[in-house]
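What follows is a set of structures for review.
Two complexes, one shared chain (subunit A), two partners (subunit B, subunit C).
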Partner chain A sequence: MGEGLGLIPAVSISTTGLDAQTRRMEATAQNIANANTTVRPGEVAVGRQEVILAAKFASVMRNQTIEKVPAGVEIRNVVETPRDPKKVFRPGHPDADAEGFVRMSGIDPLEEMVEMMNATRAYEANLSAIRAGRTMAQKALEIGK
Partner chain B sequence: MVDTIQLLQRMLDVSAARHETLAANLANANTPDYKRRDLPFRETLAHAMNAQPGEAALQATVDKSAPTDSKGNSVSTSKELTHILENTLLYETCAQALSRKYAGMRKAIKGSN
Partner chain C sequence: MNINATPPGNRLDESLSIEPRAPTVVGRQADPRGGPAFKDVLAGIVDQVDTLQKDADRSIQGLATGETRNVHDVTIKMEEAGVAFDLMMEIRNKLVDAYQQLMRMQQ
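Right after this comes the complex of A and B.
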């Protein structure tokens, strides 16, 4: 189905899953990298990136009717939601305000770690599906041996 | 008499189609409001045996019995993986049985191994 030779069943479907989880991982990495980013006075804090996923379907013509068949998952968009910045008392910092407070991006590293683990597990699950598909293809090639 | 080879071929078809459905579920394990789909093997096979090849018989249906999480998603990664494992084994069994069937025919033709 779709790209590829179609030798391994559902490989293109599982690949979309791998792509989606990779993009999630990228967003999480970006968030963790900015967990300690300070905000200049008068500027907006860096937002938390979140990947929005949506199910993907393909239309195929079968028996003169158009049918929707599963085609995996797609990244609908990546949204950046601002978090309330944390205020840390650090007088002398170049980004400190008149009272000596520095605003830090409100990204929670703990939340990001959970997200990262979630993405890793989901990635592995999609890999397992590909591996199972490969086993099926191998067995199909052994028919008649 | 049921044609064994034809039955096994259809079983392989249904099993491969079910694998696509299960893989799509796994790919959507984090998609909000996604409901898991499945291909009931028995019903699909019965349908596939009566239908012409390529006819609309391998259509997956939404599994309404699966519980949904807070995001409206009803995919359980571990359950899908178990289904995939089970389905792969079934596929292997059918492939193996088909091989044996062919081996038997070969033996009958040649009269020996």
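Right after this comes the complex of A and C.
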């Protein structure tokens, strides 16, 4: 984004917010999907994915000086933090150990639900910012009417 | 009026200071003040609006073919194209208005 006439103010900034929240939602979906994943004996449990966000700035030449202008948010990295696996007694399961215990990934579905709601609300907030920008652009066009 | 004497950033003064300059280009199409003709500016705006519309069209196609995953990119592109079109219409309305006022002078 960023090209075009730049008619809607701050739309390119809010778009990076939408992208970031979409990525967060993907990470949460991956965590929820793996809430019931079992761990093979001797292997490491699947970690909880977390998206780390950072502010983004762009350098623009203005009046012969380089200025830092806001450019939204960027995904710094996606970290995978291991959780303590839960031990469930399930003899006969292919991943059970000698005593009949199966290790499940320690992902907490409740925590993921909160994260999911958080990402959804943040996405909505970015959409509201875009909608406000569009209203501003349309109001500016009404000057001539 | 001296151009160098005008403070930087004062646009009104700058535009005034250009006035007394002698027209350098002779021809029917050229603007005597050296700037681009209004026709060209309008054509440029129409061109840009057209580019935005085509861009939006392409992203809709990308969504249909599975090339793009983000729905919000497509809707934002469509919105931008819509606002640009509104701006172009506003300019066109002003132009037609001015023409009609000129025509009324004959009555």
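As a working rule, the second predicted complex is superposed on the first by the 142 of 145 C-alpha atoms of A that agree within 3 Å, B and C clash if a C-alpha of one lies under 4 Å from a C-alpha of the other, contacts with A are read in each partner's own complex, and residues count from 1 in each chain.
Basically, a residue touches a chain if its C-beta (ideal position, glycine included) is under 8 Å from a C-beta of that chain, and two chains touch if they have at least 3 such contacts.
Bear in mind that the values here come from a model prediction, so they are computed numbers and not experimental data.
Peer 1: Examine A:Lys86 and indicate which partner it touches, taking first as subunit B and second as subunit C; both and neither are also allowed.
Peer 2: Neither: A:Lys86 stays clear of subunit B and subunit C.
Peer 1: For A:Val73 in the superposed arrangement: first (subunit B), second (subunit C), both or neither?
Peer 2: Touch partner of A:Val73: subunit B, not subunit C.
Peer 1: Just checking: does A:Asn118 make contact with subunit B only, subunit C only, both, or neither of them? Give me first, second, both or neither.
Peer 2: first
Peer 1: For A:Ala132, is the partner it touches subunit B (first), subunit C (second), both, or none of the two (neither)?
Peer 2: First partner only.
Peer 1: Using the superposition on chain A described above, determine whether A:Gly144 touches subunit B (first), subunit C (second), both, or neither.
Peer 2: both
Peer 1: So, does A:Leu7 touch the first partner subunit B, the second partner subunit C, both, or neither?
Peer 2: In the superposed model, A:Leu7 contacts subunit C only, not subunit B.
Peer 1: Based on the superposed arrangement, let me know which partner A:Thr22 touches: subunit B (first), subunit C (second), both, or neither?
Peer 2: Touch status of A:Thr22: second partner only.
Peer 1: After superposing on the shared chain, does subunit C or subunit B touch more subunit A residues?
Peer 2: Counting contacted residues of subunit A, the larger count belongs to B.
Peer 1: Indicate the residue numbers of subunit A shared between its subunit B interface and its subunit C interface, in ascending order.
Peer 2: 1, 144
Peer 1: Mind listing the subunit A positions that touch subunit C in their complex?
Peer 2: 1, 4-5, 7-8, 11, 15, 18-19, 22, 127, 130, 134, 137-138, 141, 144
Peer 1: Can you check the complex and tell me which residues of subunit C touch subunit A?
Peer 2: 48, 51-52, 55, 70, 72-73, 76, 79-80, 83-84, 86-87, 90, 93-94
Peer 1: Where on subunit B is subunit A touching in the complex?
Peer 2: Within the complex, subunit B touches subunit A at residues 12, 15-16, 19-24, 26-32, 34, 37, 54-56, 59-60, 77, 80-81, 84-85, 87-88, 91-92, 95-96, 98-99, 102.
Peer 1: Within their complex, state which residues of subunit A touch subunit B.
Peer 2: It is residues 1, 9-10, 13-14, 16-17, 20-21, 24, 52-55, 62-63, 65, 67, 69-73, 118-119, 121-122, 125-126, 128-129, 132-133, 135-136, 139-140, 142-145 of subunit A that touch subunit B.
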